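I've put the structures underneath this note.
Below, chain A partners chain B and then partners chain C, in two separate complexes.
Moving on, here comes the complex of A and B:
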């Protein structure tokens, strides 16, 4: 092909200094974020923004984190299997489109383009709907099917570019000379289109390993991938361990590519050696894929929790004590948990829904009553939280932890003491204010500020909306995930946030203060619940009992920094934590304890108001 | 030739079957949802209704659609302006240089997208690296606002789309026969004439592919506005996502998705009608 000449150089076309600078500026733009994340993976600090000295601690943390490695393994298995199938389907499809004209060809080709460019959320929801309808269990296989579907059209387009450049005479010659079709394909066609096939496969692999949205919708018990894991970590404050694992992956990929390239080009290394290396790789892959089928032991327990909402060393202790094999998956919010269970993801034995979600799940028969005879440690639970409004029978839930939304502020930048929701409307903090990106939290704060209860009343909603429209120009943005980073970096002075997060910030630097606004706050209570049809209910109850043990509960609180309704456990905490007013709000006056409720049909009105707010 | 016919069907059936089961059927389920009724608590009952479509065409949502289109158009133009010189330079570079640049452009793909977005945030923040550098160099007195507004969003979109624009343009320019340029210059055409009459027409196929690959995913994206946008950078993808994950109104989300899907389909059909990559070849019919 003419394209491969070291051309143009004698003409000096396209080699001007301006072009050169623009090109390298573009390349640097693409690489800069990578360089930064590699540098900060060696940072001796929890934050990912300020350099505080060289350290390898995040690499150590990565190697010790089993769940992170499990997600890496899942990602690799999914990427490898889906790449294999994708490459085969893509090659077939490219051969078809490159060689034949048939009825409906244009339609077929149109359809092929749709997965390439359809917004992925639509595809994710659609394929999930299919799995729900045919009752296909969600897990590695459903994720693989989704990945193949969105990546094989890409692979087809890439391979097609090579196929259409293939002269038909080549194939004819081979056939004329007596080769059969299969021989012709293997000996003549494939070697000619192999660069396309290889780039198609590489592209499919890349898409799969990085995919978040479609995976998010199709994942089931124990099939969390690296991007899913990262997403749930980001939600609760990113740590440099994510940078560390990304750096490891970059180094690994670059090395693998480099070695492959070397092997391909090298003449000295014989065919047998190459085959052996290939064989070893294949064996490793097959081992990885097959391993999950052999490791299932008799006693199991599948947990499904928010990320960083349990001290994972407790799980290890429990495994040691009982011999039960525990697996832990994460969800990011209550809605995700609900949709998962409704979609028929079965297999979880213990979940952590918030109060309003307990009510919804109970009304839909998604959770089962708990047998308190198996949980003697229930006696430690504060009676005030045993029969809350969302389940007045108290049969379906055990309160796990509680907290509330208030205001965190940087007292080095804000000298006045903050004691009211009004502070979030203060002109002086213009463009340095953060509100949560959560319609319930935002509207509920306004209702509290106006001294109203939350109910299904359109006029009040309108009034609240007006208040928020007035506030909007003062905001930096609506944000739920990066609050910690933005406060630490000083980009934001004051933010609406949860008390546990404020306690964490306060522990990093005491200049971050927390306020429980005087107009009142809305509490959340997160609970332990057992889904209906949980396969290992007895083990779940054993685990609940283990968690409620005062010593374990104290360990757990020390890690997650949210209050647990276990008075005996609180006494075991070290004083700085035990008497921490941020973590342990005064809930002695139960009548004032307003717990976040689900609004049912009011949700739709709320969403419309929320969208309107964001559009204005 | 009976052997011939057999091969076509062997090639056709598996991919077509896969596409049918895992793509077309699911899309029809979504369309089905969009015509269903949303009950209390988001339960879906299959009573046919067009209410969700009527709602989709209400003022507010039309505004969001138009805004999303505008973001996508501007992003595409900016990305094109940055990508074309890069692709042009690459196409005429030595083959070793081509490989190096190509590798560097693809490298970021092996790091998770969300992590890269976080990295960009540490760059662009008010106390981020760019602002700190400019401040300490005395070029600015106050930190620039580079994110949490439309500018930040465009930076994110360009970052995300740049490789998808550069690579197709590069691959079509790379296919060009350099002797054409020699001939043109020898025969007295100026450099700019040569560019207009020869180089540019060669790049059109890649250019159009790059535009499609940039424009349409940008239209439906919801992650970048969330990360780098400000309080009013809402796109249609955010609204759709909220319907599925927060509001529990799947039918309305499905109706919005269907409308978006139709917009996308129109673009694709136009693209294929005018730029079918396989059109010019003579092929076997069956």
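Moving on, here comes the complex of A and C:
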């Protein structure tokens, strides 16, 4: 009767055209980004915004990228294990809260909301502090623990709603009919709260698989997840390979959901079959989790580098030659590297800090002196770069690659020849200019343009700031990560950028030209350093020696397109590369070479000026 | 035999059940009757094992089961809302107990088929509980409990959620079923009609205490307390004083009536309760015991049921008591008419007349009419006021 009363069809409730339009608009709004992402994963272009024909090249790239697959595997293992544990704990907790009255119950239930309300970044810092305090090693297990901790309250609250709605008489009836408490739970309670348990599990899985913040804080050596990996890739431009991997993930998730649903509903598939499928699935997961513990061969080397800043085939060669098991994790900038080491994330044997960071790290005791007796190939390193200003002893670093910041421009759109920093202030390119989103790079460029050296002088800083404030309306934006992307798409005509990136753009299309401004440029040198307390220092030195071998160094340069201070290696390069003026700036006179360095107390003033500029 | 010895249950300061003692014979259809909150369901839940006993003991065939968990008691329950497992179909619901006990599959099937036939659920074996009517759900609940052949079956208001017609039909079926299976039934209800219709014995409860425990007829006809008299059926009460008592009956002085003589009723036991010879012997002593507890001059309540009274124009005969009054209200209720009569001292009493008798004798009374209310001297009960 109630059903008839509530039917309301004669009133046309829910039948209006307006409502239908709203609904479909909502659905499209939700799904459109995904559709675009999937479509452009088949795009035969480097850009995400211009369609240039169908291609599977990005899928090929994804399938060939071992480090990407490692992060996918990590993500899945973490998500599945944490989901399993979360669901079990959440169900237990929901049963406790939903069925029993005990002292402190209210308090406990309210405390559950704390991780839900708390900003995740606070939670991440807190759990990291805990791990550090109890000396818990950071890695897959620590990430899993963190994910369980923050997804457990969500799962509990979802399951609790179902438990509360479960009539207590069902449980009593089961006991009454002779079942013990466990049988009652398995046969009566669990099937009846299963929709809640499944949604709780799905929620936990979703939270885990796309978590960035808590993972970022708790990740250790070799435990980079897909979101961390994708974020580190973005640094070097969004390529459609990210679309491809996302599409694969979407297809995987949707298929898994669909299959789970079918398995649950299907009457024809027997219990044993379901149990077998579940068992096999569980065994695979456990195997994946357990594998690292069994395959540890004792000979290991943990690298921590910028993304795409080493030819990974070299790592494979090194593994083959020495039998050492190498893992490679990525950071996005020097500050991230510093914070990870300061947090106490130990386990890395080799890092790639920039010059100014070497000085900071050395002053804080984060890096150890390198024993050159173990690195005979050090002899190939250009002597000009052996004792730079940031470490005049030269004991703590080995120069890896160097370059400088200049201007890249699209010569199809900018007819004039560009030879000065002033071009970035040119009114004609209004809204088509890009500056790096990096306080040092931006201010240093201004200082150069004004013909001044960077020092602790407030008046000069004020002058520089005024210049930048004047420039700001002309800019597209401050951007470090998508320069290549925006140049390729034509959104940006002229950009402040690194020479290596300009070389890459030039290789794609010669219309992208690079200019080394006549006022002068700032060099950067990225270095190889060994963190204090690195667990496999000897292996790290072995690897450095391997990298410095001229043949290997040449291979590496060919891939990453940044100059390495290894004269013998340069001779081995293809002529087009060897004589490329963009990649190999003239560094013959080291006294002219101004290397970006740490400014000490001036940093604070600079930081303030930068913030002022950004908010204006 | 199920025996409760000084059974008590407290929730903090609240005493839900106070020192209840009961003996329920094997095969008896026993009913716990009382208003909500009287403790009847609490007793049932203590027998089932869902509630911890505060004090006292529960004995099943001599064995103390007071502290056994529910799944170790040879007792099954039919729940008020049936508590069918929504995730199982009818067959799996009914077979749940057998499956838990790991009875061989073949025997399970046979017993399920048997009990499905017993409760008349053929053709519904594969239905899910959500697709059954209330009556059908109730049968499934019953079958699910009965299939375990418990020594005692507990029924917690099993008819309260059903439509009146279906409840009546189920009531009859339940009685028959109980006779067929011979299992002790303990039935909890607040509905006196159900209790009177089905039970062999009824315990009327109030505030955690059994006020009276007896056969339905005795409960109705010889209520021992004001509460029982008031709760079962409808009753007119008169306050009075015991002025004399002898082997023939009582002499009571009532303000409205003056001197009322009440003859002792015959105490021949009813034949349809033959099998309960024990309780019946208690019955015949009722008058004797009352006689001893009611000294002369003590305040008493005289109570008489509306249907025992007659409306007429004639003054009472020698074998009758009577009162004059005015009809104030009159409700025609199909088989009966219910009158409210105002006595000379403004007190209102209820009188019920069978319509067919009124029609037979061509007697019709209207509001405002002056009449006599009369009843036999053997009618009515005297209750001691403590």
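Simple rule for what comes next: the second predicted complex is superposed on the first by the 529 of 616 C-alpha atoms of A that agree within 3 Å, B and C clash if a C-alpha of one lies under 4 Å from a C-alpha of the other, contacts with A are read in each partner's own complex, and residues count from 1 in each chain.
In this text, a contact is a pair of C-beta atoms (placed from the backbone, for glycine too) under 8 Å apart; a residue touches a chain by one contact, two chains touch by 3 or more.
Remember, it's a predicted structure, so these values are computed and weren't measured experimentally.
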First, second, both or neither for A:69, with chain B first and chain C second: neither
Touching partner for A:176 - first (chain B), second (chain C), both, neither: second
Which of chain B and chain C A:372 touches, first, second, both or neither: neither
First (chain B), second (chain C), both or neither touched by A:380: neither
Which of chain B and chain C A:136 touches, first, second, both or neither: neither
Dominant toucher of chain A (residue count), chain B or chain C: B
Partner chain(s) touched by A:602 [first = chain B, second = chain C, both, neither]: neither
Which of chain B and chain C A:34 touches, first, second, both or neither: first
Chain A - residues contacting chain C, complex: 167, 169-170, 172-180, 183, 187-188, 191-192
Residue ranges of chain C touching chain A (in the complex, touch as defined): 48-50, 69-71, 75-77, 79-81, 83-87, 96-97, 100-101, 144-145, 148
